[in-house]
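So, here come the structures, one by one.
You will see chain A twice below: alongside chain B first, and alongside chain C after that.
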Partner chain A sequence: MKLAYFPGCSLKGLGRAYEESLLPVMKHLGVELVELDDWNCCGATAYMAVDEVKACVLAARNLALAEKTGQQQLMAPCAACYLVLNKAKHYFHDYPAIKKTMDHALAAIGLKYDGDTAVRHPLDVLLTDVGLEAVRQKVVRPLKGLKVAPYYGCQIVRPYATFDDQYNPTAMDKLLEALGATVVRYPLKTKCCGGSLTGTVPAAGMRMVYILLNEARKRGADCLATVCPLCQFNLDAYHAKVASQYGPVRVPTVYFTQLMGLAFGLPEKELGLNRSAIRLDWRPEPVPTPASKEAVTA
Partner chain B sequence: MPEPRNGVRIGFYVCHCGHNIASMVDCPAVAAYAATLPNVAVSRDYKYLCSDPGQELIKRDIAELGLSHVVVASCSPLLHEHTFRSATEAGGLNPYCFHMVNIREHDSWVHTDRRLATEKAKALARAGIRRVAHHQPLEMKRVPIHPDVLVVGGGIAGIHAALTLASAGKKVYLVEREPSIGGHMAKFDKTFPTLDCAACILTPKMSAVRSHPNITLWSYSEVVKTDGYVGNYTVTVRRKPRYVIEELCVGCQECIDSCVYKKPMFPDEFNEGLGKRKPIHIPFPQATPQVVLIDPEVCLNFKRGVLTDKCKKTCVEACAERKAIDFNQKEELKEIKVGTIIVATGFQPFDVKRVPQYGYGTYPNVYTALEAERLVNASGPTSGEVVLRDGRHPNAIAIIHCVGSRDRKTNRWCSRVCCMYSMKLAHLLKEHSGAEVYNFYIDIRAPGKGYEEFYDKLNEEGVHFIRGRVGEVTDWAMTPEEEGKLVIRVEDTLAGFVRRIPVDMVVLSTGLEPHSDAQSVRRMFNMSCGTEGFFLERHPKLAPVNTYTDGVFIAGCCQGPRDIPDTVAQAGAAAAEAMALIDRGHIDQEPNTARILADCSGCKSCIPLCPYTAIAFDSATQKAVINEALCKGCGTCVGSCPSGSIIQNLFDDEEVFGEIQGVLADEPN
Partner chain C sequence: MEIKRTIKLESDRVPGFGRDLMKVPGCEKLEGCIQCGTCSGVCPLSIYMDYTPRQVMALARADFKNEVLRSHTIWLCASCYACTVECPQEIRITDIMYELKQRALREGVYVRRFPIPVLAREFSEMVRKHGRITELVLVIRLFLKTDWLGALGNWRLGLDLMRTGRFTLWTERIRHKGDVDRMLAAIDAGNGKHP
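Let's look at the complex of A and B:
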């Protein structure tokens, strides 16, 4: 299967490890991602807060570019991009006044958006199109013994619960189980990571980060698995600050794609695992011999 | 403009209906226009034509002006066709020389441009006037009504309706899907606001059903087919096998004691799975009928429902000479004839799995309201002691209102009974456990006799009320006091901040929703459903127990959420409506039946098409004949006749084409 791919700024910057692990994992599963040519900011964060319509116009340009490539589907791995692109599509269909502005702005640069492109999250593609069985087939180093707290953050299920339950998403839980990991029941799976509060109101932001890490620690998680570059950053970058206020809560936070890469036995240097401040030291058993490998895949 | 027809003198009347029509339609202008049309002898507008003086006006005109036909342009025929047909008849004409034009629902109520609405009223008037000129005198059909009644559903609504009818001497078939009648009410502990014991007030009625000579009770049975029409329904009922012969079983339950399973180990439906039962069981102590049944899914003598005959059959030994147990019992189809049907199929509780944020299934100490009813009930699985699934006794209990109700994501309606039953459960749980009880509500709705006073009483008892829709139930503890507890996270909208309240037990006050198979039941009895899926009454205020199908009535929660007093009142009303039909002895049927003309070629193509098997072939004349008593006037044969030899009263070609030409005519008006 082939999809257009919208990395967004995070996956080229702070969330580089997400892209580094996503691309080989998808390739390994036979999913071809074609990066959108000349993409621009998705319209998230500050734009959305200041002017929703302008944010939607930014997003619409990306949607229009995707439509132009002839791909019906656009993968947006970053949770913020995923939300804004979906929101722009929703506004395009349901708010004629905003659609008019979008049409007008796109026409000025010779583009047109018909509202057809489906915005897909990697989790959605993995569960719906690839299928858990196909994922299981690729597992050569099961994550046996690794206890993972699945952390979805807010944006991929709210407000648009396109492929999972709004209150209790389970797509990543199922995926992690397919990889052989032990999924820790984590009731904070959709709680706020602090978002930009870690920068703007640090006292509030640190408390939120602490709550998430502490609960994962209390439940015996070896790591948190996330789908969002901002969540990963907040849960990874502030350990020293959190520790100074609340005491140490040393739990690493990784992208689910990194765990997939480990389970698939992909070369570690491809997975960006060394980019985190708090690294996951745990590794699955070494790649089995060819004979036992067959046994695993059979 | 068509030529005037000889001898046709039409009186045309347009009604203002107060402001309902007159505000959007210029009624005097419509009357003035109609006066110019061929055959119109008199044309008038009037404020309320349905009033006595309005009807008098029509009668007087018929006599004084020698009218032959009457057209009234007003509201819907559903409301007043009968009124004006009667006025026409009282004036000395055949009532079918009348036609009604709807310029309210079809015009004034749905348009916003007065000029265009007036033009439309003129077009509709013209259509009615052209049509009525062809109307011929017709006679009403009279068919006898079968005096027996079918009541579907043996909850409190069905029980009350059946008993009311039976006491009035009517023969009633009561069909219940479950092994026992009693419905949801039988599971309740107490009833609000009086706190009288539900079983104490229900079980006498249940045994009255069992012993009443006029009631045939078929439990563990379902209606599978309904044919016919008001007064003459043929209903097929499937009686599911209990593997116990109902007539022979005396309910001694010795078979249960001697079952090869020494201990009950299968989830007990009556106790919402909180208790256990054996494969051979009786639903609950007061079950009616007092007849045991065998669950073939778990009985050792079956394997996944298929008879294997491999068990020691100790139950058969215990039953001994009575020989009531019959492993070979098969389902049975029974056909009955009834004249009227009361549908009282009830509701299903909202499925709490749809709101995962409240943790049902994740946290063992989260209960549904119906489970809580069983937990506080003396005959429940814990004999009324509030013991949690983990064996603890609760010190603090949360009751979450509006679960699945008043929510755009699930059901939008208010389920009406939850506020009151939540408060009842709060009282009972506090009484049985001494725990602190917190109610989390959006609004308290206590609009019944003694209901508000009950709310006051709960406040005096020290039950806590916190206004706010609960965000989630979680075991995420932030303080040592919260460890090991269920934490309620809620915005207290009166205090204006988010609270965390640790409790030991959570009760979810689930809303009421239509049964998942309500659509197939609706089709079976030819009823309609509202958007939310509850059965639709004929009129929300004035015909609340009637449906759009004559002779089919509804009662209880299948029509919408309601409490026991309202359900009983409605069931009584449905019984009275059925009796009104039965005691009249006959039904007047519209004479809109089809007739075969002499040109019939005898091709027989209409015969298999008739849904009412009203058409037969007369081999003597080599022509089709229609049995007028069976014909319902659906028109299927009329449309299908290749030689155009079938016509339908009130819908013959001249009438229909006259109407079409009238509405489409491009005449100066």
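Let's look at the complex of A and C:
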């Protein structure tokens, strides 16, 4: 299976561990990702606050570029990109006036969007196209004994839930179970991490981060698994600040793709695990080599 | 003790504001708000807001333009869409908040030195120039414009980012640099107004 791939700014910056782990994992499963040539920023939540129509036009350039490559599907791993690209597509279909503006702006740079490109999240592709059975077959080091709190954050299921339930998503739960991990019940799975408020209004941001980390800790999670670079950053980078206000809540936060890489036995240095401030030290049992198998049977 | 009027007067209204707002794509259903307060209940940030989301909906619909555009609420909204999926009247509260932010920016009435509107502006400026965002450059510019002492307070974060190889000031940009500018110019030229 082949898809166009939209990394977005975060996966080239603070969230690079997400891309570092996503690419080898997808390759291992036979999913070919072709990075969209000359993609531009999706606009995220910040541009929407400045001008919604312009934000949609920015997103539409990427949708049009994807269409031009002949790929009908565009993978967007970042939750904010995923939402904005989807929103642009919705507005294109729902509001003729906005569609006209998009057409006009794209024509100015010699592009055209027909409204077809499907925007897909990696979780969606993994569950719908690859299938859990195929994932299970690749697991050589089951994550036995690892307790994971699945944290989806807001923007991959809201407001355009396409592949999962918007109140209680379970795609990542199922995936983590297929990897052999124990999924901890985590009712805050779709609660907002605070987004950029951690930087702009720290009093509010730190409290939101604290609530999420503390709940995971109370429920005995060894780590949180995320699907969004901003969630990962917020839950990872502010431990010192949060601890100084509320006391220690030391739980590492990793991308679900990093856990997949560990379970698939991929080389650790490919997975970007050392990019976290609070590292996950837990490792699954080593892959049984023919020699170690003999040792067991002997 | 300072005595303040706590009730709004008819003369505080800017007639037509609500009507106009409800013409914007995504904001049409505001008319049907039943003031149930579900949005305020699910909003993770309502405890910090000067007006709750429910109040903002009522004020906006009733033409209290100055109150909503000057409120902290619109800038505290993290666009998490929790309210939007819960609203029994299918009002797209998050999109209404976006629209109010845009109007506050356009009219320049937001709270000065409040970092969020500055972030929104710096962000869009960087996208226009480079087509992409380099997060740390953006954050540094933001601190310089709002609170450079606050930036010093984050030295530990900076060290962590360096240690883990995530500190980069190399500016990401697209090859067809003119593209973004030309698209935005085309929108502005299209009768100076878009829907």
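The rule is short, and it goes like this: the second predicted complex is superposed on the first by the 289 of 298 C-alpha atoms of A that agree within 3 Å, B and C clash if a C-alpha of one lies under 4 Å from a C-alpha of the other, contacts with A are read in each partner's own complex, and residues count from 1 in each chain.
Keep in mind that, in the parts below, contacts are C-beta pairs under 8 Å (C-beta built on N, C-alpha and C of every residue); 3 or more make two chains touch, one makes a residue touch a chain.
Since the structure is predicted, the reported quantities are computational estimates derived from the model, not experimental observations.
Engineer: Please tell me which partner, chain B or chain C, touches more residues of chain A.
Structural biologist: Looking at chain B versus chain C, the one contacting more residues of chain A is C.
Engineer: So, A:277: does it touch chain B (first), chain C (second), both, or neither?
Structural biologist: Only chain C; A:277 stays clear of chain B.
Engineer: Given the touch rule stated above, what does A:215 touch, chain B (first), chain C (second), both, or neither?
Structural biologist: The first partner, chain B, only.
Engineer: Just checking: does A:187 make contact with chain B only, chain C only, both, or neither of them? Give me first, second, both or neither.
Structural biologist: first
Engineer: Under the stated touch criterion, which partner chain does A:92 make contact with: chain B (first), chain C (second), both, or neither?
Structural biologist: In the superposed model, A:92 contacts neither chain B nor chain C.
Engineer: State whether A:40 touches chain B only (first), chain C only (second), both chains, or neither.
Structural biologist: A:40 contacts chain C only, not chain B.
Engineer: In the overlaid three-chain picture, which partner chain does A:255 touch, first (chain B) or second (chain C), both, or neither?
Structural biologist: A:255: touches no partner chain.
Engineer: Go through chain A and flag every residue that touches chain B in one model and chain C in the other.
Structural biologist: 166-167
Engineer: Which positions of chain C touch chain A when the two form their complex?
Structural biologist: Touching chain A: residues 25-26, 44-45, 48, 76, 78-82, 84-85, 92, 94-95, 98-99, 101-102, 105, 115-117, 119-121, 123-124, 127, 131-136, 139, 142, 156-157, 160-161, 163-166, 168, 172, 174-176, 178-180, 182-187, 190, 194-195 of chain C.
Engineer: Quick check: in the complex, which residue numbers of chain A touch chain B?
Structural biologist: Against chain B, the touching part of chain A is residues 165-168, 185, 187-188, 211, 215.
Engineer: How about chain B: which of its residues touch chain A in the complex?
Structural biologist: Those in contact with chain A are residues 355-357, 362, 409, 472, 474-476, 478.
Engineer: Within their complex, state which residues of chain A touch chain C.
Structural biologist: Those residues of chain A that touch chain C are 9-10, 12-14, 16, 38-41, 43-54, 57-58, 61, 91, 94-95, 97-98, 101, 104-109, 154-155, 158-159, 166-167, 190-192, 194-197, 199-201, 203-204, 208, 237-238, 240-241, 274-277.
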